[in-house]
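Going in written order, the chains are labelled A, B, C and D, and every chain counts its residues from 1.
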Amino acid sequence: MPEEASNTPNANFEPSVITAGIVGATGYTGLELIRLSEFHPFLKIESITSREQAGKTLKELFGWNGKYAHLILEEPNPEKIAEKVQAVFLCVPSGKAQELAYSFLKRGIKVIDFSADFRFKNLSLYEKVYGIKPSYPDLSQKAIYGLSEIFEREIKEADLVANPGCYPTSILLPLIPLLKEDLIEKNYLIADSKSGVSGAGRKSEEYYSFCEISEDFKAYKIATHRHTPEIEEKLSLLKGEEVQIVFTPHLIPINRGIFSTIYVKFRSSLLTIYEYLKEFYQNKTFIEVVPLGRIPRISEVVGTNLCKIGLFEDKKRGWGIIVSVIDNLIKGASGQALQNFNLMFNLPEDIGLPKTSFFV
Amino acid sequence: MPEEASNTPNANFEPSVITAGIVGATGYTGLELIRLSEFHPFLKIESITSREQAGKTLKELFGWNGKYAHLILEEPNPEKIAEKVQAVFLCVPSGKAQELAYSFLKRGIKVIDFSADFRFKNLSLYEKVYGIKPSYPDLSQKAIYGLSEIFEREIKEADLVANPGCYPTSILLPLIPLLKEDLIEKNYLIADSKSGVSGAGRKSEEYYSFCEISEDFKAYKIATHRHTPEIEEKLSLLKGEEVQIVFTPHLIPINRGIFSTIYVKFRSSLLTIYEYLKEFYQNKTFIEVVPLGRIPRISEVVGTNLCKIGLFEDKKRGWGIIVSVIDNLIKGASGQALQNFNLMFNLPEDIGLPKTSFFV
Amino acid sequence: MPEEASNTPNANFEPSVITAGIVGATGYTGLELIRLSEFHPFLKIESITSREQAGKTLKELFGWNGKYAHLILEEPNPEKIAEKVQAVFLCVPSGKAQELAYSFLKRGIKVIDFSADFRFKNLSLYEKVYGIKPSYPDLSQKAIYGLSEIFEREIKEADLVANPGCYPTSILLPLIPLLKEDLIEKNYLIADSKSGVSGAGRKSEEYYSFCEISEDFKAYKIATHRHTPEIEEKLSLLKGEEVQIVFTPHLIPINRGIFSTIYVKFRSSLLTIYEYLKEFYQNKTFIEVVPLGRIPRISEVVGTNLCKIGLFEDKKRGWGIIVSVIDNLIKGASGQALQNFNLMFNLPEDIGLPKTSFFV
Amino acid sequence: MPEEASNTPNANFEPSVITAGIVGATGYTGLELIRLSEFHPFLKIESITSREQAGKTLKELFGWNGKYAHLILEEPNPEKIAEKVQAVFLCVPSGKAQELAYSFLKRGIKVIDFSADFRFKNLSLYEKVYGIKPSYPDLSQKAIYGLSEIFEREIKEADLVANPGCYPTSILLPLIPLLKEDLIEKNYLIADSKSGVSGAGRKSEEYYSFCEISEDFKAYKIATHRHTPEIEEKLSLLKGEEVQIVFTPHLIPINRGIFSTIYVKFRSSLLTIYEYLKEFYQNKTFIEVVPLGRIPRISEVVGTNLCKIGLFEDKKRGWGIIVSVIDNLIKGASGQALQNFNLMFNLPEDIGLPKTSFFV
């Protein structure tokens, strides 16, 4: 697990513009990627696709302004797109990415996939959880799990990156270093996570209508959410033995943000753990382990690629409490995808990615 | 136009329970009617219908608690329902109420219709605005427009009441007395109205999804909303000459409430107008003309059947400004329907209807 | 612990109106109590007080409508108030209730106290947690903890009831029966609770301003909230040995509601536990153990005195998950106070208390 | 009134970094200015001040990340600040800016003032409206009203710019061209405006607490808001005769955004007016006159320096309706300040200013 500084460009860094395409550009993660791309000096979006809206522009559809407002949405045709781009972001549902990834990769295009299709190494687990038969087992094994800070070295060499789920990102970033270093017990992990509604994507369902969400708060998929096996597989692989986690997702009536409250058993003092984690992430520009006593809040990360982590202890009762917050659309999706893009193309990790939150 | 006190029961008032049915019970107005009915000592809901959900209970569908939680939703069959009830509330879309109303009326059942089907006297206007052919022109002529405070006398005798639109209720209540009494100019009427999202009904459309509404504010159907002709017809009939109004609806990211800011030209002093309106509504328990200088707000009426009206003047610029607030689901729909029910069955006008808002 | 039916009036039930006062009537819990009192057929509010607003009415202050709008706020003078009332609700901060309770009790007035002043039996714990010296230790020992369903029998005989905290209400109701019956382990209790903002009371602090709350989600007082010892004392007393719980409160950007996600270790099968809890509360009109598989949500209890409980199991990982939802201002404060009032005056437990939620 | 293209740099454009200070940096407009400055390649913030928080950093106060997180807040001492900066932004309340502006100007520092202190040419009107005696009448006369698109030429030469109010920005941008060109009547102007809560600034008042704003909608200062005379003075000066406008502000329960619905009388066809306005603003990168039939919404401009304008007609009733939306903290405050800064320092008008909205 690489821990060296990563946000300084390599010596041989020669900025040149890299072209990319976005397949499935009209969902929330696709649009966020387009929005963020505007700030990226070395990324040029050359192709955006939408099966339903092909022929239209973002201007027409959403009154979009700015750099890519007039780009015309295409049919998602890999052959055609591959001629124009060096990399492609797949913002399509799980099950739809396998074939697309294969088509792009065989044409030499690097792929960053937002779906779960290549997140699992245990393919029978993937099949069981998602109900989808893996079509390219070799690709699944070659794919790198795009948790940027943890798999930085591998991502730099990767052609296919499986961008992590939003909840897993918020939970794995604090847990992986602590578990690996044996600073927390592996048998007592409970993640109580709360997410803004954009995590569900662009929806036309009664369940997600304003009147059903506003002034309410809900849990969903208790003990059955598909991010549980994703988290467990990564923890287990890195720990070298089976690790389990209880995970409960909830819906907050806000647009953006994930707040994970994670209950653990410390195997060392709070201070030791705090200092270890702080050092572990000291060169990681997007991870902030906040000072002891301070509680990170969602509004501090909305609009940024940051993950903020706070550590607490209920000493009397013998539990540690970890708070982890991210913007689900940025660090939890499109921002981390860009961060992976930067790594894959040997660019400074943080280029084009915001660190100052919207705050209001 | 009756102005006498109405909330004291008639001398011959003998409370006995009246049975009623609700056709289309699973939309927001239907559910609100069921919720409000629980507080009504002389109303018993005997039948609730839903084409899609027949056979289920509100408990099963919505985790509903309380009095009517276990009533089973039926098919909307007038013949069967008519055997059990004395009155029926039609919470169905415009165009669907005509046939139902006819079926119930011919069986001697009183009808309170929430749709626009019987709101218009000018049937060619109705047809033009709604694109629906009126099937029972005679019923349309006999139907009473259920603006309770204004048509109280007629409602008391009515078998068929056309419950007003939510926006029209908020706009007509202040304007009708002032126009009739020539206290405002009839040629300068502009209503800028803002509504909570429940006004659109239970929706599974992207446009009404949480992420598309929250942190946004929208106008819609500028200069083309169907409530404009409804308002104009009522103002014109009561004034005895054609009256026009500019009406702009907006969507506020809240669940309940309508706030109408109405621009008028005063023909008398603010004080005279204030005192006239106060006196006009002095015996109307649900209308409050608030003290001069005070601005009514939506939170003061949410959960109640109240309409609060504030009067202001920009003397230097020559305009009067009227603020009118209601709960769109109560005074703007189900509460006013119950008020009309009370009138039709010779009950005290305010029985079972809340006056204290939720305030938080 | 009484488990018999409680919502049927005693045989000797003779409804007669009971007079009451509210000390500290202009905060959110005081106002909610006034609002709810309107629906109560046997409760008459004769006195409301406010040190800052004495001389004014709720009409003047809040544009309040309905039954008690014109009652004049008094100075909180027990001598004067005691002449008019049979019971008094103390809606004052912790530390302010001790003296008031004593003054009313010695004049024969029954007291329901919303503060923490009489919640603890362990007075040194109370003193440590709240930094307040208990002035009337005897009263503290005599006071009954007003968790209505659990201490029903004692409340019926009580002169002084300590109304529970909002979070403790949501957490204790599911945990007490299961702990007592040894159906869950006493050493593994974690409550991750989320509350609407009205729980903090009427506030003029930047922290609670709209822009700082909306589109955010925060945890606060991690491992240090004063409700932890309150919960632990009650669990320990009822269990007969020390019980500990980890408790983390969070703030949801909504007005009302508490959602507690509680992690426990089952000592029996989910089905057994479900059936036990269902039976335990079968005669308790305000507690609903929802069918297995169904997740209660805040919107189902807003506006009601209900507590809804859902039970879940993550079998593979060995944890039970309990969801408990209440309206913090009703079952978590003013509603439960009224429920206790009903018990203390031998009225049907549920009289005047709503069960149908606002739902939208 | 200049109408030529403005977002192309002058021929003699030589980008070099300009240093600036922000007086009053911890309010919402100050923080937004700091946030936006990070994207500006030629602006370097060298000094930020706060009387109350001097000595602290934004990191300590707000958990701020990014470029200026560790800058230490200073006392607002013009003498010291003037040594480090070429320009200063005054984010202080009206009445506090006069002395500061004078101190900076006499030291050769260019000033952009967010307060109303220098917005008026009619100083007795300013004194009457704000209750503040103008201390530097000469400066008031020399100050340029910073409505960037309208006073571009003057701003380019200015040392002191009075940044416009947020509501006036949204109202003046559509009205000025139409009034000047005689396309609308000058005697029929009504602006019904709705603003997000951040427009009130960082507040610790009950009125602005979450529970008092959320699920509510309010009007305030009807016919008495201080932005009315500001709007009227600008319209009158540009029109060359007295112009009056009725203006009603409202509070939407959202953080950011202003939505103005403006009622006017067209003196020409909708199409002519649309084409005129479109042409007028064709080279103004931040003004979009949206296609006929399309209604701009707040979410399309949140996070941007855009003003979007839609034109509508209620032909039958003889009124035009103009919709104008901005982000109150950007085009309505800090963004327009930066735009003016760009003009004052001969930079491309749009440099560093976002055009793509947050959209969710």
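Everything below uses one rule, namely that contacts are C-beta pairs under 8 Å (C-beta built on N, C-alpha and C of every residue); 3 or more make two chains touch, one makes a residue touch a chain.
Here the structure is a predicted model, which is why all the values come from computation and not from measurement.
S.K.: Could you let me know which interface, B-D or A-B, is made of more C-beta pairs in contact?
M.R.: B-D is joined by more C-beta pairs in contact.
S.K.: From chain A, which chain is the farthest off, judged by mean CA positions?
M.R.: Here the answer is chain B, farthest from chain A.
S.K.: Where the CA atoms of chain A average out and where those of chain D average out, how many Å apart are those spots?
M.R.: Measuring from centre to centre gives 36 Å for this pair.
S.K.: How many angstrom lie between the CA centroids of chain A and chain B, rounded to a whole number?
M.R.: 48
S.K.: Once you find the CA centre of chain B and the CA centre of chain D, what distance in Å lies between them?
M.R.: The answer is 41 Å.
S.K.: Out of chain C, which residues touch more than one other chain, so two or more?
M.R.: 28, 198, 211-212, 214-215, 253-256, 297, 360
S.K.: Under the stated contact criterion, what part of chain C meets chain A in this complex?
M.R.: The touching residues are 190, 192, 194, 211-212, 214-220, 222-223, 244-246, 248, 250, 252-257, 259, 261, 263, 295, 297-299, 302, 312-317, 319, 321, 323, 360.
S.K.: Sort out for me which residues of chain D touch chain A in the complex.
M.R.: My answer: residues 28, 31-32, 34-35, 38-39, 62-67, 198, 215, 255-256, 288, 290, 294, 296-297, 300, 303-304, 306, 308, 329, 354-360.
S.K.: Spell out the part of chain D that touches chain C in their complex, as residue ranges.
M.R.: The contact residues of chain D facing chain C are 28, 197-198, 202-206, 208-215, 253-255.
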